[in-house]
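Chain nomenclature is as follows: A, B, C and D, assigned in order of appearance, with residue numbering initiated at 1 for each chain independently.
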Amino acid sequence: MSAQKIGFVGLGAMGTAMARNLVNAGYDVSVYNRTRSRADEFAKEGGTVAGTPAAAASGGIVFTMLADDRALESAVLGDGGIAMGLPRGGIHVSVSTIGVACSKRLAAAHAERGQHYVTAPVFGRPVAAAAAKLFFVTAGAAEPLERVRPILERLGHQIFVVGEAPEQANLVKLSGNFLITCVIEGLAEVFTLVGKAGIEHAQMLEILTNTLFGAPVYNTYGNLIVSGKFTPPGFALPLGLKDNRLLLEAADTLEVPLPFANVVRDRFLTALATGHGGEDWAAFAQVVAAQAGTEPFAG
Amino acid sequence: MSAQKIGFVGLGAMGTAMARNLVNAGYDVSVYNRTRSRADEFAKEGGTVAGTPAAAASGGIVFTMLADDRALESAVLGDGGIAMGLPRGGIHVSVSTIGVACSKRLAAAHAERGQHYVTAPVFGRPVAAAAAKLFFVTAGAAEPLERVRPILERLGHQIFVVGEAPEQANLVKLSGNFLITCVIEGLAEVFTLVGKAGIEHAQMLEILTNTLFGAPVYNTYGNLIVSGKFTPPGFALPLGLKDNRLLLEAADTLEVPLPFANVVRDRFLTALATGHGGEDWAAFAQVVAAQAGTEPFAG
Amino acid sequence: MSAQKIGFVGLGAMGTAMARNLVNAGYDVSVYNRTRSRADEFAKEGGTVAGTPAAAASGGIVFTMLADDRALESAVLGDGGIAMGLPRGGIHVSVSTIGVACSKRLAAAHAERGQHYVTAPVFGRPVAAAAAKLFFVTAGAAEPLERVRPILERLGHQIFVVGEAPEQANLVKLSGNFLITCVIEGLAEVFTLVGKAGIEHAQMLEILTNTLFGAPVYNTYGNLIVSGKFTPPGFALPLGLKDNRLLLEAADTLEVPLPFANVVRDRFLTALATGHGGEDWAAFAQVVAAQAGTEPFAG
Amino acid sequence: MSAQKIGFVGLGAMGTAMARNLVNAGYDVSVYNRTRSRADEFAKEGGTVAGTPAAAASGGIVFTMLADDRALESAVLGDGGIAMGLPRGGIHVSVSTIGVACSKRLAAAHAERGQHYVTAPVFGRPVAAAAAKLFFVTAGAAEPLERVRPILERLGHQIFVVGEAPEQANLVKLSGNFLITCVIEGLAEVFTLVGKAGIEHAQMLEILTNTLFGAPVYNTYGNLIVSGKFTPPGFALPLGLKDNRLLLEAADTLEVPLPFANVVRDRFLTALATGHGGEDWAAFAQVVAAQAGTEPFAG
């Protein structure tokens, strides 16, 4: 019996780790990447190179892991796009962090063609992707979701289903990223405040994580801020702003004021305007310090 | 050898649990409470009743666990106050959540009289106090802190020393409470947003606590908000506003802008102005819901 | 000598008043409106009805006064759009309040076809339009701007030229509308505050306008808020939100944090979510009152 | 018939100008200033020097024009204070910008002694004071207010009565100052935004003041910001923060959220923390520019 065919579009750090795990799990993986050399490089480990997203999708199941709404819409609806190559009844699994409006447009475009569209945005960084320890928040029709579940289980260790409308999972993902920025801002405000009163940032963090705040998000971002090591970026600041923008756009449509998201938005804008665009998104903590007239965070 | 004498001023829920643990640990505890009947009640379990804070302090070590700056300053500097009864070289251990400015005034008042003043504000709710599982953040001169450490160890299971200026521990405590309010606000914004998109609050919380946000603060306050059970209050909303006010006051003195604290301040004010004053401080989540035109949180 | 031909696309309250003044000034006006009956109605007073925006533009100069970016882009770039009918060297004068990004796209589209595109967004309400007392903020290349100046002078009494990039005038217009919302918010906060202290709103306004704040914007919006008469809307609340959104979008591109605009954005969202969508944009003042637990503004 | 006696406490720039006008109007003015040399200097022009506030108040009517709550409370309730020297039935006219809580305390203190206390905070800068063109917002009991009205009429050209509770006038004054800061922030945001798009600040201001925003507050503060000339301060930045603090304190008591005031508070704090403490309060506009990564305002 031949292996199931899976297309994979987008070989960034996350996508590469996920596609590799699919190869290792025995799937027949067809990869597409806009910069072809990465796909060629990948094919050395297994898998085949597709000339277009449409070709990658021809086997009936295709994953996309792309940088933003525009890249995804282009890969789906552009020339040689997924929508042109995915068979009727096939499934597009969108793993990227994208906007609610974009997800609705893709859902409509696929439905017109008798194709399935499900979303499974991912929580986790490249190291978790490599270890197949990702979390997936999924949404979409039940049947295609069940069909792709065994595949997702090879990539991560927990799968949540939040609803039947694909964009629901995107909203959950954007909300999760938003709460991370709330932690960054909260910690930056507190570190700046207690630092001016002569208390060590690292000790403040230790107290927090030993009491009520003992979660990975406080450990990860707390240490990042305390160390002030924002390069190379784990998640680039402009991408953080992009997700904030998508969240605020969704909130606008749903008529929900989000004052914390506004504060974070302004931090990102100042961070970009004052030269932190090449750093990790947590680097907006430096803006918090600057506005209190204190030295930048540094270990 | 007779037991060490310890005074304890303030028999609210937290104070009573702590004083009881001191009795159980074999100390000779002298309690004072403004409403005397509580002290009399307590004395049935052990300990003796002091007629004034000064009398409670006469043994050389006195703890205070009072509602706010005013109550504490009155118990220390008023007629029959601790400052009048504590011997030279004695130690006042302030366990309450109070303001930085108040703490500085008390430090000065005790220093004038040759008395020690240390702060040990506590992280934990009454149930943790009863179980002697509190966390203490302490500050003050090293020698008196070392003297009281064995006592604190009977009340909690971790003790942090943040500096030699007593008000430093107060600032850390206020900062911790502030970060709790940031979690409440962040969750309330997210629940309101995803709720309007048809996603269950409880499921959103489950996703968060199973991924990056698995800390007690998210579990405790997340479930509180999801359930909408804000009465009886675990920590009363007006006390939450009080701590927010003290934080902003300290930030003013230190010249640190805290935009998240401003957002929370406004939530508390609207909560009070719209009838939530008798609820738990997490009830300001209802204001978040109301401003998006959605139903109040309710299980 | 025959009269100069001018096309006019968009016969809302503002557009109708402006087109009528052009007719009265002796121009040969060709009007287009999506709902044709309004154009037919208008033609009874003079002017002719064009079947498409392209037809309206065929004389070489065309004005557009439309509700939003989408309506304008459709009228310019859609089937039978202005871009198809305006001769090379012709001028499109965009009088609408539109976004910076949209304006850039239109500028590029016209340039490709050898057409001129200038912007002249207008300050003033329908009554000022009828009286030819509008203010125009214009931007674009000097030559076409000079050509349309005599026409604008028949419609308003002051013309500002802010730059050669057409979108600059759009940004100025959005900024002006933003400052109006700042006045609404500021007054609403102050009226609510002093009202709770027993001071009459109307008297507070009188003091303000008699001292430092004697400008039309305080008179107009101050009286509107004090009276609480938000229907029928002079400028509909959803249009106010639209302009706020365009401002924040421009600020995002330019990397400028605008905290006041964030506050206003949240007011608009709550106003929509709580039933004020059919009222004047100043009705977000009711949200300010509600958040302080006070009665809505009412005369 | 001998001239009416009036005491005047506080000879800053404003106080000196007002006291001089009282002398010129023929009153028998007795001045007190903490730094006595200023009083001696003043007495060369007329008036007599009082050794204490109490002595200045002995004639039955005394004005106070002092820097802040503390200075005023000390001058009234301290040793040799006004409360000790003002006869029963005498009137203390507090002209300073002070807090609501402080004003209530003074009202109570005077009432205990059978003295009148009225408030008449002033709108206007020293040049208006010199020209007797101030505006007074007054509050208090009707009878003493009527008695001092003829005096106020020699100092200003308009007198508003807002209520019988003296602190009401203080709240109105704080609200007026708050609205000025709203104008500063709004203009600074807009200038920064349009400046980044290549539009001249001065032209933006011209457009605003020629259309809807033609009020002294926009002219004065708009030109101040455009010029970037913040020294010497017309009104010192720390005093601006003081008034903001008093406003927020009053709003806390009245349970009114004021998000614009929060934004301004943070501006003041950053301005202080980054070296603008010696400049005019409008200098917080520099913080707005800095957060967008642009050059400071400069003519």
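Going forward, contacts are C-beta pairs under 8 Å (C-beta built on N, C-alpha and C of every residue); 3 or more make two chains touch, one makes a residue touch a chain.
Just so it is clear, the model here is predicted, and its values are computed rather than measured.
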Remotest chain, chain C as reference, centres from CA atoms: B
For chain B paired with chain C, centre-to-centre distance based on mean C-alpha positions, whole Å: 53
Between chain A and chain C, centroid-to-centroid distance (C-alpha), Å: 39
For chain C, residues contacting two or more additional chains: 251, 255-259, 263, 266, 269-270, 272-273, 291-293
Overall pattern in which the protein chains touch one another (line/ring/star/complete/other): complete
Parts of chain A lying in touch with chain C, wherever the complex brings them together: 245, 251-252, 255-259, 262-263, 265-267, 269-270, 272-273
List of chain A residues in touch with chain B within their complex: 100, 123, 135, 137, 158, 160, 162-163, 165, 167-168, 171-172, 175-176, 178-180, 182-183, 185-187, 189-190, 192-194, 196-199, 203-204, 206-208, 210-218, 220, 247, 250-251, 254-261, 263, 291-293
Touching residues on chain D, where the partner in the complex is chain A: 259, 266, 269-270, 272-275, 287, 291-294
